[in-house]
Amino acid sequence: MKLTTMHDAIATYVHDGDTVAIEGFTACIGFAAAHEIIRQRRRDLVLCRMTPDLIYDQMVAAGCARKLVFSYLGNPGVGPLHAIRRAVEKGIPAPLELEEYSHFGMVGRYFAGAYRLPFFPLYSYTGSDLPRVNPRIRFVESPYGDGPIAVVPPLNPDVAIIHAQRADVHGNTQLWGLVGAQKEVAFAAQHVIVVVEEVVDEEVIRSDPNRTLIPGMIVDAVVHEPYGAHPSYVQGYYDRDNDFYLRWDEISRDESSTRTWLEEWVYGVRDRAEYVQKMGPETWERLKPAQAWSHPVNYG
Amino acid sequence: MKLTTMHDAIATYVHDGDTVAIEGFTACIGFAAAHEIIRQRRRDLVLCRMTPDLIYDQMVAAGCARKLVFSYLGNPGVGPLHAIRRAVEKGIPAPLELEEYSHFGMVGRYFAGAYRLPFFPLYSYTGSDLPRVNPRIRFVESPYGDGPIAVVPPLNPDVAIIHAQRADVHGNTQLWGLVGAQKEVAFAAQHVIVVVEEVVDEEVIRSDPNRTLIPGMIVDAVVHEPYGAHPSYVQGYYDRDNDFYLRWDEISRDESSTRTWLEEWVYGVRDRAEYVQKMGPETWERLKPAQAWSHPVNYG
Amino acid sequence: MSDYSPSEMMIVAAARALAGVRTVFVGVGLPNIACNLAQRTVAPELELIYESGVYGARPARLPLSIGDPALVTGALSVCPIIDLFGLYLQGGRVEVAFLGGAQIDRYGNLNTTVIGDYVHPKVRLPGSGGACEIAIHAQQVFIIMRLSRRSFVEHLDFLTSPGHLGGAGEREHLKMPGRGPQVVVTDKCVFRFDPVTGDMVLVSIHPGFTLEDVRAEMGWDPRVSPDLRETEPPTPEELHLLREELDPQGIYRS
Amino acid sequence: MSDYSPSEMMIVAAARALAGVRTVFVGVGLPNIACNLAQRTVAPELELIYESGVYGARPARLPLSIGDPALVTGALSVCPIIDLFGLYLQGGRVEVAFLGGAQIDRYGNLNTTVIGDYVHPKVRLPGSGGACEIAIHAQQVFIIMRLSRRSFVEHLDFLTSPGHLGGAGEREHLKMPGRGPQVVVTDKCVFRFDPVTGDMVLVSIHPGFTLEDVRAEMGWDPRVSPDLRETEPPTPEELHLLREELDPQGIYRS
């Protein structure tokens, strides 16, 4: 029984200076966890994510991070991440160290971390300037005589935070739609916090074991947090709030409007439940998805 | 539209001397395909499979193979594979070359083949005699200063044969229960034959895209062959015929009883449909599984 | 200029370049619309692969990002990111991929990382994402970028994704499996690459523009094909599909 | 001998060794029954991991192979084989794994490959399966084998799965993450390993057998613990669970 509150999960497993990975490739991005980290005023975090997205833009604006490990710095389908650019280009609110890879390199780092390998080999980076600016990207010679191949080192975060559709109280977690790099980062991490839309009976999980992405044995805390991935989305539960992604482009252009937004929507609410209430029912009505149910399968 | 008969799929994609992988770890073993290969009297095949099981024991007894690439030679839960032992120990019906790995090494070879990597690194084989007898197992030095690690080379079969629960006519294939190394071997192979219990409408596949293990784009032929994995099993369709696994231990102890069995059940039937009929309805009644349906999920 | 926008001309030119292609690796925006148009015209068997892990998408609405839930609903397959890059891309299964960037040089090398110095950048751009490996592995790379002197530069500030590097043959020498950039579609013209030298050659200019218009927007003096011609303008059928079916809200028209 | 079989004694002794363990990597047969017994007695939180990819199985009947469909129905998770070996085993998530073999030496090294010469074997055995990597990665290895002079040998014909290799310290020197074999449960006795030398030490003899019975079945003269004792026989509760609930058909009794 690992069910706890977001407050307690963050207080227990996220410490100043930790290496933290909140994954979710466009979908299932753990904004509720990020906002709680901001509220608890964590500092000097090394934030890992393939696509830092608005979630790390907000955390960087709030001063939580000293470094990003990433592969694509953008507001998907919209434009740049202004707060991160301010930190990188102007040191506002503080300088931000960058350690960058390509997407395949980044997920390869998680894979190596999860598989306890010394490196992940991949045919990327040849001819690129990336290895020149990131000395962690190296090359090994194939012992079968087929030349050199790039490698990236394992990435083992102190804590990984995964948002998913459902889990049981032991942390056996099922995720569908885009599954990104969540399995790899969870197995790579020292501690795992799972945040879900629904806590379900163990029998629901057991009815479809191939759907289980993360087994309870590697999970430390389960947090029940409906709408916890807004403004990103959870397949089958709510759509992506594209309007907010566009609005963030405006809000974040300016340091003070960014701060005002953080005051109102992060520091100004006690928890995600209050954020959900403040957002108002029309938001959730607007983001309600259609029904598109899977054909069940027989495990008998 | 890739739907064809087993006869034509084998005639088109399996040639003398080919490297063939019929995967399926204990479950979904493609016996119908193997029997058709025997009937078409293919010779000098290099047969790849983590667990050669009865399927390759039968193919070796029938004289199809010149070599096995494998990781575990046994009749699971019963004992040795007598026909393969006769070939290895006594050269009956012909000598058989062996190239062996551990399970992780074997699936790592498929992974490297599928990912088009020069090798798959794994911390196996240290202290073991396996690298001494298999020079394809080598070691590379980590460029991060953490010492040597074993590697295995890619394995890219000419053809992979996958048995699954369902596919559409384009070869988009869904498999549940044990999924073994099927995805990796399919992507590693030059050609892929998918054999299924049911050919379903594309809409069934599209209702649950996370369940799709093999996309149609890599599939050459789809064969509809109910009970095509007997005496192994297909989760939700029929149970493992443990009685036959025990009986094979008796049949295969002796060269002539093995030949008699092949005459009756392989050469003596035209196709799998005739085998199914000859087996009789009481067999399929006996192997009928209980119902245990997955809870559906919403992809809206 | 006629009754279509430069974006529409770009989409149409890119779509035509996809004739007969079956698998394309694509982001959102213009390339996505170009692929949808190609599916309805020159490449009926085209399947789209998104780096988010989706294959065989059938979106009920225009996707607004590569992770739009509409791409997942009713798709043929969704796989983990590592498989998307390992099995599909590095596995050699992608025939064509679309790329773009903040800067491009004459060999089709692309910069999406920084303007200025890497450590103290003037402008920090998004970085590679999957572009670096897409550029290496896709059998062919198609580039869509608006022509401008700021973007078509003599020297990149940073080489994120390799094109033909220093010239033809370098990719083969480095054993890169993909053939590299094949075409650059801009709002004013189309370039292809000289197979002998590996550099860009202007092959067609969109109706309404001149060679001087093109030169004025480039950081180097482009080579011009002896067969330089005017780009075929969008047909009424192409414009109809674009405006009535693929992008009825006109999101990608301007 | 009392009213229980040597197999029952082995199962009970192995189950007791699992006290407090939470994750065990297991095949079918005696180890599987031992784990089921441990779940009901000394290790209530024990979850079984099968190399077929199953975690948290809840079989409605006794599984007859590691790929029995009954292991899948109602399991918590089923994963691809590569993840089973990569994420769970090499990932360091397995506390205890059971192994056995055709031959074992005093350091717990195991042979499951050949009797005789590798190229021209007298008996071709199954090979490694997952044993080689299990022996390297599981935090602890428990061995279950019947005691016999053919199996407990001075020199292995082939070293498939490393135990303590040539003695204590060799595993650490080779940076093997697991601690190697901890206990050998046989039908006549139990061995543990000397932490200083890495070789087997006889720690208990099952009721009804003598030290001479044990010596007669070994290819080397075993070291004997100064605290050598008689193994606690199965309790009535243990026998009841085994016979009435876990293996009512008595498949693994003899």
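Each chain carries a letter (A, B, C and D) given by its place in the written order, and its residues are counted from 1.
Keep this in mind: contacts are C-beta pairs under 8 Å (C-beta built on N, C-alpha and C of every residue); 3 or more make two chains touch, one makes a residue touch a chain.
Everything numeric here is computed off the predicted structure, so don't read it as measured data.
Trainee: Would you mind checking which chain's C-alpha centre is most distant from the centre of chain C?
Mentor: Of all the other chains, the one whose centre lies farthest from chain C is D.
Trainee: Using the stated contact rule, I'd like to know whether A-D or B-D comes out ahead in C-beta pair count.
Mentor: Taking the two pairs in turn, the one with more contacts turns out to be B-D.
Trainee: With chain centres defined as C-alpha means, what is the inter-centre distance between chain A and chain D in Å?
Mentor: Centres of chain A and chain D (C-alpha means) sit 40 Å apart.
Trainee: Report the inter-centroid distance (CA atoms only) between chain A and chain C in whole Å.
Mentor: Each chain's C-alpha centroid was found; their separation is 28 Å.
Trainee: In whole angstrom, how far does the Cα centroid of chain A sit from the Cα centroid of chain B?
Mentor: 38
Trainee: Would you please write down the residue numbers of chain D that are in contact with two or more other chains?
Mentor: Within chain D, residues 54, 72-74, 78-79, 86, 90, 177 contact more than one other chain.
Trainee: Two or more other chains in contact with one residue: find those residues in chain A.
Mentor: 116-117, 122-123, 147, 176-177, 179, 183, 207, 210, 235, 289-290, 292, 299-300
Trainee: Could you draw the chains as nodes, link the ones that touch, and say if you get a line, ring, star, complete or other?
Mentor: other
Trainee: Pull out all the chain pairs that touch, please.
Mentor: Inter-chain contacts occur between A-B, A-C, A-D, B-C, B-D.
Trainee: Name, in rising order, each residue of chain A that touches chain D in their complex.
Mentor: Counting only chain A, the residues touching chain D are 114-117, 172, 183, 187, 202, 205-207, 209-210, 212, 215-218, 299-300.
Trainee: Which residues of chain C touch chain A in their complex?
Mentor: My answer: residues 28-29, 51-54, 64-69, 72-74, 78-82, 85-86, 89-90, 109, 113, 118-119, 121-133, 136-137, 158-162, 165, 170-171, 174-177.
Trainee: Report the residues of chain B in contact with chain D in the complex, numbered from low to high.
Mentor: 25-27, 50-51, 70-74, 76-77, 80, 84-85, 88-89, 100-104, 107-108, 110-111, 122-130, 133, 147, 176-181, 183-184, 233, 235, 239-240, 242, 245, 289-290, 292
Trainee: Spell out the part of chain B that touches chain A in their complex, as residue ranges.
Mentor: 116-119, 121-123, 138-144, 146-147, 149, 151, 153, 165, 174, 176-177, 179, 204, 207-208, 210-211, 235-237, 289-300
Trainee: Sort out for me which residues of chain C touch chain B in the complex.
Mentor: Answer in residue numbers: 22-23, 47, 54-56, 58, 72-78, 83, 86-87, 90-93, 177.
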